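Going by the order they are written in, the chains are A, B, C and D; count residues from 1 in each one.
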Amino acid sequence: MNEATPSAEPTGVYAKFETELQVRPDDIDMYRHVHSSRYMDYVLAARFEQMERCYQMPMSEFEKRGFGWFMAATQMNFKRPLGLGDRFIVRTWIEKFTLIGVKVQFQIERVADGKLSCDGWFDYVMVSIETARAVRLPGDIRAKYAI
Amino acid sequence: MNEATPSAEPTGVYAKFETELQVRPDDIDMYRHVHSSRYMDYVLAARFEQMERCYQMPMSEFEKRGFGWFMAATQMNFKRPLGLGDRFIVRTWIEKFTLIGVKVQFQIERVADGKLSCDGWFDYVMVSIETARAVRLPGDIRAKYAI
Amino acid sequence: MNEATPSAEPTGVYAKFETELQVRPDDIDMYRHVHSSRYMDYVLAARFEQMERCYQMPMSEFEKRGFGWFMAATQMNFKRPLGLGDRFIVRTWIEKFTLIGVKVQFQIERVADGKLSCDGWFDYVMVSIETARAVRLPGDIRAKYAI
Amino acid sequence: MNEATPSAEPTGVYAKFETELQVRPDDIDMYRHVHSSRYMDYVLAARFEQMERCYQMPMSEFEKRGFGWFMAATQMNFKRPLGLGDRFIVRTWIEKFTLIGVKVQFQIERVADGKLSCDGWFDYVMVSIETARAVRLPGDIRAKYAI
């Protein structure tokens, strides 16, 4: 076939959003760096902020419709540790949609030098709060997030 | 009045209960000691365990009846910091009942040397989960806890 | 003695400083409010920020001189819980100096309605990092903080 | 060469170790499940306990020799959430050694029903505390851990 075929599914380069945050003293561990598990909390915090500000559909709206997000899997690569008082950017974007969720990529960069501190991805699945089971991503929600 | 008057309210020396716990690595802060706010979490953990094992009324039973516990105030005195891997005893007891709650005293002792690490008290108020307002402590609950 | 006596020690009304922070999703507990122990972390975060910005002597400078701050005691009064995404002001000020430390008062107010969420005080003692023992507050440090 | 060659490196099936822990109330999030990032803390806690009890070389001994462990990467798969008060087993084992570290596999199982809650792996790199750079795994340490 020689002609360009319109894809039913765009190859999907989705918008990247950024949230700036700062390390809190209680995030610091015995090595005087941010404790590993707190990077997961930072991405979560950025994602909540971006759901409201960037996707125009905050967590509270999901809940009103009886939906929650469950983290099904993650991969995280720790490059350079953040330290006390560091400011950092959390950049996230949707890599792809599945029938029941999204794969979100992220990067955490230190503001002071722009260097990458941590990157990776999170697989989220949409669940019904009532049944605690995965549900098919509603079309209107997908549309809001496919920007 | 010259005669001893029977008190409607016993002067109340209530039972002391103990729970043994261990410091988790994520509790350690930049000074290589347990982070101050985690002592509060330790008392909470011990209290939940004792509600079930010692008072025979676990948190889940309060919730079935529509009640929750709200921490209204605390005082904590930090004596000797716990460190990585330390085992410790959390001893708690009710100092007194109020119409709407209890004042709980606590002591945290390091197992290795029996020395006092932290002590203080928590004021808890019983709230209705529905209204989020304080409610009068039901008589049967008070009876279960006045041991 | 009928005459007013000049006090060697001014009655000390020390400067109040404010830091604005936001609740992170990982601060939220099973009651959908900020978990009690995180308020302690909020005051700590504000205090670190104010040590640098307001008192012109950040934590790192204490450490270069071999000093750390140990929290000796706290009282906290929980008035109105903060919730997901709430912005809040942490206001702190020195109530008084002791030979070896300071008593810091704090208030946490929700930005949305200006209502008091939590208040109380922290007693901090200055320790030598080398000996882990309390030390007398050096005059120049006291001067920097007595603003 | 027609004959089977004895491998200098055994195909390495390393010992699996188990630590039993319990969910603390402060681990619970707004969905009334263990907060995602706390599973990382659970594996860390189990690993510290097993380093001492099973490998006979606790974290403190690494530090005496000037070494620390840095988490370089992780993948975690969340299967079934743990809830308030749940007891669970953390099973870990070394999957393979690299020149500068180890890949550790883990499984978290709920005690009540033996069902898998979370699994995945952690890549750890040995670092010099002085230089904060990766170092080659010393032979005697590797020997202690290759059980």
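Some points to look at:
Here is the rule we go by: a residue touches a chain if its C-beta (ideal position, glycine included) is under 8 Å from a C-beta of that chain, and two chains touch if they have at least 3 such contacts.
Predicted model only: the values in this text are computed from it and were never measured.
Repeated interface, listed pairs A-D, B-C or B-D, reference A-C: B-D, with more than half of the contact pairs matching by residue number.
A centroid comparison over C-alpha atoms places B as the chain most distant from subunit A. Note: centroid distance subunit A to subunit D, computed from Cα atoms, is 26 Å. Separating the CA-averaged centres of subunit A and subunit B is a span of 38 Å.
Contact with two or more other chains is made by residues 25-26, 37-38, 41, 44, 84 of subunit A. Taken together, the subunit D residues at the contact with subunit B in this complex read 24-26, 38, 41, 44-45, 48-49, 52, 58-60, 84-85. On subunit C, the positions that touch subunit B within their shared complex are 31, 36-38, 40-41, 44, 68, 70-78, 81.
Looking at the complex, you find that subunit C touches subunit D at residues 25-26, 28-30, 32, 35, 37, 84.
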